[in-house]
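Letters A, B, C, D, E and F name the chains as they come in the text, with residue numbers starting at 1 for each one.
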Amino acid sequence: MTTFIRSGGRAADALRPVRITRGYTIHAEGSVLIEFGHTRVLCTASVLDKVPPHQKGSGEGWVTAEYGMLPRATHTRGDREAARGKQSGRTQEIQRLIGRSLRAVFDLKRLGERTLHLDCDVIQADGGTRTAAITGAFIAAQDAVNRLLAEGKLTESPITDPVAAISVGIVEGTPLLDLEYTEDVACDTDMNVVMTGAGHFVEVQGTAEGVPFTRVEMNRLLDLAEKGIRELLELQRMSFKNESN
Amino acid sequence: MTTFIRSGGRAADALRPVRITRGYTIHAEGSVLIEFGHTRVLCTASVLDKVPPHQKGSGEGWVTAEYGMLPRATHTRGDREAARGKQSGRTQEIQRLIGRSLRAVFDLKRLGERTLHLDCDVIQADGGTRTAAITGAFIAAQDAVNRLLAEGKLTESPITDPVAAISVGIVEGTPLLDLEYTEDVACDTDMNVVMTGAGHFVEVQGTAEGVPFTRVEMNRLLDLAEKGIRELLELQRMSFKNESN
Amino acid sequence: MTTFIRSGGRAADALRPVRITRGYTIHAEGSVLIEFGHTRVLCTASVLDKVPPHQKGSGEGWVTAEYGMLPRATHTRGDREAARGKQSGRTQEIQRLIGRSLRAVFDLKRLGERTLHLDCDVIQADGGTRTAAITGAFIAAQDAVNRLLAEGKLTESPITDPVAAISVGIVEGTPLLDLEYTEDVACDTDMNVVMTGAGHFVEVQGTAEGVPFTRVEMNRLLDLAEKGIRELLELQRMSFKNESN
Amino acid sequence: MTTFIRSGGRAADALRPVRITRGYTIHAEGSVLIEFGHTRVLCTASVLDKVPPHQKGSGEGWVTAEYGMLPRATHTRGDREAARGKQSGRTQEIQRLIGRSLRAVFDLKRLGERTLHLDCDVIQADGGTRTAAITGAFIAAQDAVNRLLAEGKLTESPITDPVAAISVGIVEGTPLLDLEYTEDVACDTDMNVVMTGAGHFVEVQGTAEGVPFTRVEMNRLLDLAEKGIRELLELQRMSFKNESN
Amino acid sequence: MTTFIRSGGRAADALRPVRITRGYTIHAEGSVLIEFGHTRVLCTASVLDKVPPHQKGSGEGWVTAEYGMLPRATHTRGDREAARGKQSGRTQEIQRLIGRSLRAVFDLKRLGERTLHLDCDVIQADGGTRTAAITGAFIAAQDAVNRLLAEGKLTESPITDPVAAISVGIVEGTPLLDLEYTEDVACDTDMNVVMTGAGHFVEVQGTAEGVPFTRVEMNRLLDLAEKGIRELLELQRMSFKNESN
Amino acid sequence: MTTFIRSGGRAADALRPVRITRGYTIHAEGSVLIEFGHTRVLCTASVLDKVPPHQKGSGEGWVTAEYGMLPRATHTRGDREAARGKQSGRTQEIQRLIGRSLRAVFDLKRLGERTLHLDCDVIQADGGTRTAAITGAFIAAQDAVNRLLAEGKLTESPITDPVAAISVGIVEGTPLLDLEYTEDVACDTDMNVVMTGAGHFVEVQGTAEGVPFTRVEMNRLLDLAEKGIRELLELQRMSFKNESN
């Protein structure tokens, strides 16, 4: 088994450079531009004073997400979903994943009857857009919660733990952390892992794009993912220290 | 940690009774009614002499799936998707999963430029509809392939391995195999596993519905799933011996 | 004029074998699988504690129906309406017919402000799906009403008469009862008749697919239809004697 | 049984005043404004040099129809279907009926590979819009065919017989010809009949809106309808004598 | 610069013959057929006792418009928007323009919490449909207001000024008033102007279809438009004198 | 008439600070972030080797545009159009305007049978998004054309002149250049002007949001707009000197 050579000489277990820009836009209660290498996702958190029908009168809030990709975020232009008149299955799958991931670290009772609406829009895509979206959406959510606390609308944070996500995969037999687009296309197995600050899993989604994978390979991928997410959680923590927001 | 008591005294690591009825309807090239306890899914395989645009002229075929649920397959009536004018995100997620799972065991070159279209329609739901759908769709696909071989349209089977799927989950601290609806609602972690005859994974999708899960819990769930899928693969094999089709 | 030979040597004025399975699925208040030869339709009746806007506050209930066909219920696979994003004109025409037919034998005041929602889904099609649907939907509706009476939610049945339906047509000059698919395709005139237990018509829909029809032909078709519906009404009655539900 | 008094002292077996204006608009190959009393329908016939996919390469043509109602054609404003984003079931049912009725008097082979597209738009509604539409669409179709003959694009007319339609119904026990809106709302039974010049039926659609109807009542309604349609066929003939078009 | 010769020898600064028929249909509170030459638009005004959400509880009313074109209003048949399932961008642009134009001359407070819904449907098109629609919609609106005043539902008219509209354009260097279709197609610059009785502008929309236009050309076009609109305002005034409505 | 005080003490005839960032994203053939104060629009130009049906075989190319706004680009979150399933009338109006504006400065013959697809997505909105979009789209289009020239796919530029756009309006009697959101909401008249490098108009769209405007006011607004657009054209020119792209 030979080792796959990554662009820029990146190590198999290395993240791409991560950049987190809080307060990227001015209107949203939380607004974060997150970059994993060339992948750039704008995550905004909006606080709405209403909840969906299934939560009405429950005293609980709701956390939900929507995902989109600008038509030319990719190598070749994709159709604009608004013009086509519907969101693709892929888009819906991703936004449901982001919503579940964030709800896993929210105490909806403490949030009160309001909705935290997370919008994750991909400005530029190079693999890993859903994991960047989850990692960035958490920061935007935290900023929105901080504002509610500062304004006295909340007395206690509804956030129970941080959460972040990364992709891992096996390319030509080599397990790699944080796949970029060309690696994603070439990989046999692709896994997205969402993990909390406590090191517990919220989601593990492994898919054999080519040859099915073994239990041993799965364990190697989970090890890599845990390493990467710990680094992302640390980067999230550092971004909050920089109190420019 | 006390042990959760299952309906009918079912053991934590036991499948529900599985019934496989091949040739359930007369028109389709493959037609299987599969039952996991009260869950009943009709899986049909249709052979179409055309391929989607992305495969045209490639010499390769395609395998795809659609999933639906009759409005009153469930405890309370759900909206009819055809009347609402769109498929839900859940429906699209499931049918994409079924399609990927089946493609993982097909050699598309050997299939030739034709499409195998799998329709999985839930007649009655009691948890595990997507895993029953995958397990049944494989049988319907095999029947359709057998017909193509018998008619001389194929000289070699494009199927490389059988595939089956099961759900596992942790309910009140107890890992359970093959969740029924009430268990699915109560579980903290829910995992769907798709595995081939060779014991390799095609998909592993673990989701924390409540408390996030640990690596140890994940391993116990994978053990359970492997056990269940091996039993399903054996039931598939047995269904083919009964040459009533 | 020679006589058309039917499959299985069926007489021109004979129904196909009819099978009625009550309690076919477990969740619905009424659930009936009805088979006219190879045509198989699952009819469920759901009781909903709300009425459409036009009946709100009227003290009256509503009876409505939806119709669907599984994609591979037919010889060649049809598009899934949920995936296409709309119901065809044919589907809407049939579900409106089923709804009107059932409302004709309901006293909506006695039903109270609730909706009886009938879902008729074709599992396998071989002609006559709409007439099987009406005939089966009546049984499902009766079962749902019986349950409301047994639970004390109704004190008096809102059903005023039974209702059933059959197709008739002229094929190569011969009037035939209960057309199967190949006869339906070949017929010059096709008529669907819906009749009550009292022998009165709820709907008569005659269509010249080829040569227009005369008054004399129409009368012969109505005679045939009356004969067939009387037999169906008797089969409905017998199905209620068998109290397995 | 007392006799129902009609507006304007109209006899039970009398049509409303019928006005036929050929050449009502200038662009269409055939363009007819037809009025049955206050009901006004604009019927245009467009000749298109293409056929739908199911007729391609068959050497045969196609005749099809679309129906619409202006939002304020009725007493209270109805939603605009284009704004709602879909045609109602009623609209689709009516346009399918118009299309079948016209195809019944066309020899599609003689039409050649072209489509005759009939648009029937209700400018003002007072009952009987679908029967006025069929009666007017025939005239528009004849005008379009005449133009094709005059231009030498056809050498022989594809029209085999004229066709017209009328509604009949039983209101308070009295069978009435050509129902206006208030009668339509009050009637127990409503029947639409489409008949050719030869006196044969193309469509008979009887519906019990209230009490189901007997065979005797049905015969009385058919007698009335035949009388009315013979008068409409004569009016169509007369309109062609007036060669203003 | 040569002068463009118009059909029928019309002068460059002349309107086409304008015909205004009030009370064209019977159900609407205001109903006007307006004709600019061959262009014919039916404008109805409906009074609805409700307002859109953004006006609820404000004590103010609303004025809105919808626009449509019959499929064969044009030289070649256009798709029916209701059948296609959506309104074109052009349709939406025009109906928004009509709504804004009418609201500019309404005092919404005086209208009270009701909606005046204007429907403008093009029966025949030959250029200038949007300007005919605005000019006719004002008359329909005035008729509906007059009825509300006569019925005592309003004590003071909410209309503050009349409004009318015309198109102007430059064809082969010649500024023309009230473009018909062939001129519209040939023109370099096309401008639609909406003006009130006081001679003030509500909308000025100039578009270079070919060569961009200069400030001087724009002024010549505005002069022409002012002249034409003053004539239309006079024709509106005269139509109200003819108290047939 | 008192003078309206603008935020930051901006002069009535001053543009907001304009920032142009070429090469903002990496995949598109042209990619420009343009900022008018807080308004930020990402404009990408994609070169596609196909043309829409109406241009096929003409030897000519096509230039078209789509416009979108991120849900939280605004003060309060707007619905995501892709989720609602259709683009608003406003969106369609704007993207049609952008497309027309760019086509006005393109020689489609020289472009050859390819499409230049401009996507304008609003990242942050503070008034003037459509004028920023047009101004930025021109730069993106120029960059894409430069690449085609550099690659030898074009031998001559199809661009005939630069184009830019600005909004002007009257707020409390004061004509203002380049309205920001709070000014836009407060203004009586709002005008968008699109002008070429030669100083000719491509579009002039004036709308009275409150009181209709006079010819004198219109002229003052056009003067202001011309001044602003000349400055924007100069900024475009300068951006091309900075050959970082």
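Methods note: a residue touches a chain if its C-beta (ideal position, glycine included) is under 8 Å from a C-beta of that chain, and two chains touch if they have at least 3 such contacts.
Every value quoted in this text rests on a predicted model; they were computed, and no experiment measured them.
Participant: So which chains count as neighbours of both chain B and chain E?
Facilitator: Neighbours common to chain B and chain E are absent.
Participant: Find the chain most remote from chain A, comparing centres computed as mean CA coordinates.
Facilitator: D
Participant: What is the distance in Å between the mean C-alpha positions of chain B and chain D?
Facilitator: That pair's centroid distance is 51 Å.
Participant: Between chain D and chain E, what's the gap in Å when you average each chain's C-alpha atoms?
Facilitator: Centre-to-centre distance between chain D and chain E: 33 Å.
Participant: Would you please write down the residue numbers of chain A that are in contact with two or more other chains?
Facilitator: Within chain A, the residues that touch at least two other chains are 85-86.
Participant: Drawing the touching chains as a network, do you get a line, a ring, a star, a complete graph or other?
Facilitator: Basically the chains close up into a ring.
Participant: When the cyclic arrangement of chains is written out from chain C toward chain D, what order is obtained?
Facilitator: Starting at chain C and heading to chain D first, the ring runs C, D, E, F, A, B.
Participant: Per the contact definition, I'd like the list of chain F residues that touch chain E in the complex.
Facilitator: Residues 86, 89-90, 92-93, 95-96, 100, 104, 191, 195-196, 198-208, 211-215, 218, 222 of chain F touch chain E in their complex.
Participant: Which bits of chain A are touching chain F when the two form their complex?
Facilitator: 25-28, 31, 38, 40, 42, 44, 46, 48, 66, 68, 70-75, 77, 80-83, 85-87, 91, 117, 119, 121, 123-124
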